[in-house]
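Listed below are the structures to be examined.
In what follows, chain A forms one complex with chain B and a second complex with chain C.
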Partner chain A sequence: MLPSLHLNSTLNCTTLNYSSTLLPLRGSRRRTRRDVANESLVPAAHPARRYPSLSASLAPAREEEERKEGALLPPPLRPETLPRHVAVIMDGNSRWAKARGLPSSAGHEAGYRTLKKMVELSCQWGIRALTVFAFSSENWTRPKVGSGFASPYLEVAANVCLVLYREGIRVCIIGDSSELSQSLQKLAKEVVDKTKNNTQIDLIVAISYSGRKEITQACQNIARKVKDGLLEPEDITESHIEEELETNCIPEFPNPDLLIRTSGELRLSNFLLWQSAYTELFFTNTYWPDFGEAEYVEALTSFQNRQRRFGQRIN
Partner chain B sequence: MEKHDRKPESNIFASVWRFLRRCLFLVLSLGPMPNHIAFIMDGNRRYAKRRNAEEGSGHGVGFTTLTSICQYCYEMGVKYVTVYAFSIDNFKRKPEEVQSLMDLMKEKIDELLEEESIVQKYGFRINFWGSLDLLSEPVRLVAEKAMTHTANNTGPVLSVCMAYTSTNEIMRAIKKSCARKSSRPQGYVNCDGESVCADINSYVTVADVEENLDTADCPDPDIVIRTSGETRLSNFLLWQTSLSHLQNPSPLWPEFSLRNLIWAILEYQKIYPYLEARRRLTKKEN
Partner chain C sequence: MRAEFRVAAPIRRTSLSACRSLLRTLFRNPSFVIIYSAIISDGFGWRYHLGLDPPSTEIPVPRDFEVDTGFLLVFAASDGQSHAYGLDKLNSLAVVVDSEEAKNTTKIKQLLCWLSSIGIKYIILYDMQGVLKQTIGIDLESLTNTSMTPCSVIDAKTASSLFHFGKMAIEIISLSDGKEGVAKAASFLYSEHMKDDSEICHRSEPDFTESDVANALKATGSAGDEPDLLLVYGPARCHLGFPAWRLRYTEIVHMGRLRSMNFAAILYVCQVIR
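Our next item is the complex of A and B:
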C-alpha cells in the first residue's frame, strides 16, 4: 500500500477541518482527548494568514492583495515541483454522511464546500488545472438515483461555478450531459460561456462521464474523418486520438500529473483512462468532505517526492 | 527464501513445501479468488544496484521470480496472469541496455519453450501483446513461435506485454475498427439516396473498440500489482483496469515472494463484496 505521510499539526498552515462544524458521529459517546484534538482547529503558526472566502470576492482589490500574499506555499511544497494539472475523484460523500447519521444530501453539500476550498487553494498555489469527477455515467444506475436526486446536487454545483467565475476560473464540462434535465444543461452551458475568458485556473467538471465512452467518441470522430476521406486508417496516430478527447479543452496540460482518490478506494473507475497513462496516483482513506488543506498538502508533498521517469532511465 | 529454489526438486523438502502450499491455497480459496492478476514488474535495476551486482543481472532474477509467481498462480487456480515486460517508452533508453534486454527476452522465451519449463509442465498458453513489429527480428520470431506452439494449450494463460503501451493498443484497435467499417459495403437502412444517412453514432461502439484490442479474448484484470512502491500505471492496460484493484507493494520485483502474493490476494478478498457490487452496476449501465 502507498505509505501515507502522516503530516500533522507540525505543518505551518491553518487546517480547516469540516467535521468540526457538523454533528458528531452517530452513537455519541464521551469525547476523549483524541476526539478533541481531531475536532478542533489546528493552531496556525502564522495566524495572520487567512485564506479568502467567496464572500471576499465582493472586495476584489483586497482579495488581489491577499492572493499575492497567500501565494506563498506551505513549507514542504516547492513551486517548481508542483503538478500543473490535478485530477480528483471526490469519493465518500454518502459514507461520510452515513457515519454521522445524516442524509446523503448533507454529505454532498459538505463535499461541495471541500471542492470550493480545494479550488481556492489550487488557485493560490499556482496549480493551473483541476479536473473533478462529479458524477459518473454509472451513478445513474444506483438505486434511488434519477434526475430528482441529481438536480439539487448539480444545481448547487452550477451555482457555485457561476459565483466562481469572478475568481477567474474557466470552467469546462466534460461527459454526456444529455442525461441531465434541460434547465441544468442550460445552466451548464451558461457557466461555460460566462467563464471562457478567465485565465486564473481551468476547472474541468466531469459529469456523467465515462473514460471508455470518451475514447469511443474520439474513435467515432476519427471514423467520420476516415469516411469523409480526410484521413486514411493507417495514418491514424495517438495524436489524432488525443485531439478528439474532451480534455483537449485545456490544450497545454490535458493530462493530469496527479490524481487523488479519497475514501480508500484503490481504482480509477473509468475516469480519465487515456489521460492518466503517466499520472501519479494518490489514494487516501479520508472521505472527500474531510479532505482539507492538510490532506491536500500531503498529496502534493507525496507527488513532489516521486521520481517520474516516463519509461526512461534517470541517472 | 523460496525464491532461490527455482528448479523442480525431487527431495523431501520440496514435497513437504508443495504440500504446505497446497493446504495454504486451500484455505485461501475459501474466499473469492481473482481470475486475472496483472503485474508491473518494476525494480529489477534497483535490485541489482542495491546488491552492487552487474546491471543486467536484476532482470535475470526477475525472470526467475516471474516463473515462481506463475507457478503459484497456477496452483491457486488463477487462470490469467499478465505481465508488463517492456514498454514502447523503454526503447528510449540507452541502446546497449535495450539490446541486452532484447537478448535476455529471446533467451528466456526459448527457455520457456523447453521441455522442463513450467509452460510445458502446466500447459500454459502464452500471448504476446504489443506492437511486435517494433521488436528486433530474432525476438519477434521467437515470440511468434511461442504463441503458435502454445496456442492449443488449455492451461492458464500467461500474457506478456512487450513493445506495449495501452495508448498504442487503443490506437491500433481504433485503426482496425475504422479500416473494417470503411471496407464494408455501406448498407444503410431507410436511405433516401444521400451519401450519409445512417446514424453515425452506431458506426463505432465501445464493443467495437474492445473486440479489436489485444486483450479481446481475456477478461479484465481483477488485481494490478506494481512492485517497488510506485503508484502509477505507466500506460499499462488503461482501458482494462478501470475497475481493477490497484496495489503497490514496496518490495522490488525480484524480491516479490509468495508472502507478498498471498497478502495481495487477502487485500483483494477484503474489498471483494464492494468491488463486485460496483462491477454489477457497471454491467447494468453498459
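Our next item is the complex of A and C:
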C-alpha cells in the first residue's frame, strides 16, 4: 500500500513503492508502521517559528500564565511553539455513524463529545483561540432526511456552547445566522451574550458560514465606509479587508496558525479562505468523532516541526 | 495491472536509438503491458515523446534549459485506448512555490515539462513575491513569442501573465493577484456602485453579491479558474496567499521542497485526486 497523502508525509522517492498498485485513499484508516516510518523521513525543520509582530497586543502577564500551563503538555509538545489559534473542519460525523450502522444524529452526538474534549485540551494546553466549522452555507443544499434536518445538528452545536460557557470560554458565532430558525438565532445570541466576558479561551463557531460570502460582506462594509467619508476608495488595502472579516471578533489572533481537517478530505471547502494564507494545514484520515487527544497531539507536533516564514526571508 | 518503473541514468544521443529499439520490442509483445508513452530527456535539453500517439506533444525547449541527468521514464497503462494517466477530469492545476525556492528556474521548467507530459491543460504558477513572473514569465514570453496577455487589467504592471503553449495554458500570479486583487476589486465595486447610485441621488446602501465580487475581480484582472488541485512546494504547508477567491474546493497537497520534487510523486497525487 502506498503511503497515504492524508497523513502529511512529504512525498519523495524514498516514500514511494514503485511496484505497488495505485489505490484511492479515502476513509478512515489506522496508521501503519510504514506510515510512521515515512513520517520520520520528513526532515525536521528548524523548530523556531517566526511570528508576525502581534506581541504588542499581548499582555506579558497573561503570557506568563499561559506558559505555566505548559507544564500540563504531553511530552512531544513545547509550550513556546504551540499555535495560538487553531481552526478545525469537523468532518466525517455522518460517515462515522454510517460505518457503524448508526443514524447521522449519533455521529453528530459523538462529534459534540469530541469537540468538548478538544476545547478542554486546548484550554489545558494554553491554546488561546479555537475556530470550528460547524455548518457550511453549502450544507443547506444537502438532501434533507426528514423535516428540520439542520435543526437537531445545530442545536447540538448550540448546546455545546451553552455547556462550555460555564468553563470560561468566550463564544463568537460567525456566518449567516439569518438562515437559522428563530429559536436557534435566539439561542446563539444568548450564548454570545452570556460568554462575552470570559477569558479562558475564544471559541469561534462557524455556522452557515462561507468564506466567499465573508469577503463579499467585507467589501460591502468598506464601500459603506467610503460612502460615509471614513475612507477614500483609492486608499483601500488588504488591511481594510482584514479588519472587516468576522474573525476579527478575536482581534489578537484573527488568523489561525494551524488548520485541521478530519475525514481524509484535502480541501478548505470555503472555510477561512482569506485568513488561511499562512496557516499550517493538517489533513488526517480520522473521522471527527475519533479525533482524540493522540490525534490532536500529532497535529500540534506536526505544526511545531514546520518552518513558517509568513512570506518573509529567514536570515 | 498498472505498474511503473524508472531508470535514472545518463543518456547520450547514441543511446536514444537503443531506447527506441527497446520500446519497439515491448510494443510487439502482446503478453506484456501496453506502453503508452516514454519520455526521454537528454543532457542537451531536448525532450522526446515516444508513444502510441503521434508525437504531437514533442515540445522543444530552449537550449539554455539544462537537464543535469538524462533519464528514461516509461509508463505502462492497462488501458491503451484511453488516456494513460486517466487525468481527463483534472482540468487545472496550481503550483504554489516558496519565493526563495522559486528562484530555482531549472526545477520550475522541469516541473512544467512534467505537468505538460501528463496532459494538464491549465497550470497556475504562484509565488508570493512575484519571482516567477520575473523569471519564468519572461522566458515563456520569449518562447511563445507572445506578449503578456492580461485579462482586462487596469494596472498592467501587476497583471497576471497568461501564456498559451500548444494545448496548454500557463498562468503566473503573485500576491498582487490575491489579497491585493480583492482590495482593488473592493475599490472597483464602490466606484461602480456610485455610478449606479448617482441616478437615485445616493440613497441606496451598497449591497454586493458574490457575483458582483467575481465580476469586479475579472474587471481588475484578478479573476481566474479555480484549480482542481494545488501542489505546494516549500518548507511550510500553507498556500501562502494564493487568491482566496479561487480556493473554495481545491484539493491541497504539500509536496515538500522543490529540490526534492519527482515526477512519480506528482503523477501519483494527480491520479489519486482526479
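The working rule: the second predicted complex is superposed on the first by the 240 of 315 C-alpha atoms of A that agree within 3 Å, B and C clash if a C-alpha of one lies under 4 Å from a C-alpha of the other, contacts with A are read in each partner's own complex, and residues count from 1 in each chain.
To be clear about the criterion, contacts are C-beta pairs under 8 Å (C-beta built on N, C-alpha and C of every residue); 3 or more make two chains touch, one makes a residue touch a chain.
Just so it is clear, the model here is predicted, and its values are computed rather than measured.
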item: Chain B versus chain C as contact partner of A:E179, first or second or both or neither; value: neither
item: Partner chain(s) touched by A:E280 [first = chain B, second = chain C, both, neither]; value: both
item: Touching partner for A:Q220 - first (chain B), second (chain C), both, neither; value: both
item: Which of chain B and chain C A:I236 touches, first, second, both or neither; value: both
item: Contacts of A:E190 with chain B and chain C, given as first, second, both or neither; value: neither
item: Which of chain B and chain C A:R212 touches, first, second, both or neither; value: both
item: Residues of chain A contacting chain B in one complex and chain C in the other; value: 2, 211-213, 215-216, 218-220, 222-224, 226-227, 233-234, 236-238, 241, 266-270, 273-274, 276-283, 306, 308, 311, 313
item: Chain A residues within the chain B interface of the complex; value: 1-3, 137-138, 140-142, 211-213, 215-216, 218-220, 222-224, 226-227, 233-234, 236-238, 241, 266-270, 273-274, 276-283, 306, 308, 310-313
item: List of chain B residues in touch with chain A within their complex; value: 45, 87-90, 92-94, 97, 165-168, 170-171, 174-179, 181-182, 196, 200-201, 203-206, 208-209, 229-235, 238-239, 241-250, 267, 271, 275, 278, 281-282, 284-285
item: Contacting residues of chain C [partner chain A, same complex]; value: 1-6, 98-100, 128-129, 175, 178-180, 182-187, 189-191, 193-194, 202, 205-210, 212-213, 216, 235-242, 244-245, 247-257, 260, 262, 264-265, 268-269, 271-273
item: Footprint of chain C on chain A - complex, ascending; value: 2, 5, 8, 10-13, 16, 18-19, 21-22, 24-25, 42, 45, 211-213, 215-216, 218-220, 222-224, 226-227, 233-234, 236-238, 240-241, 266-270, 273-274, 276-283, 306-309, 311, 313
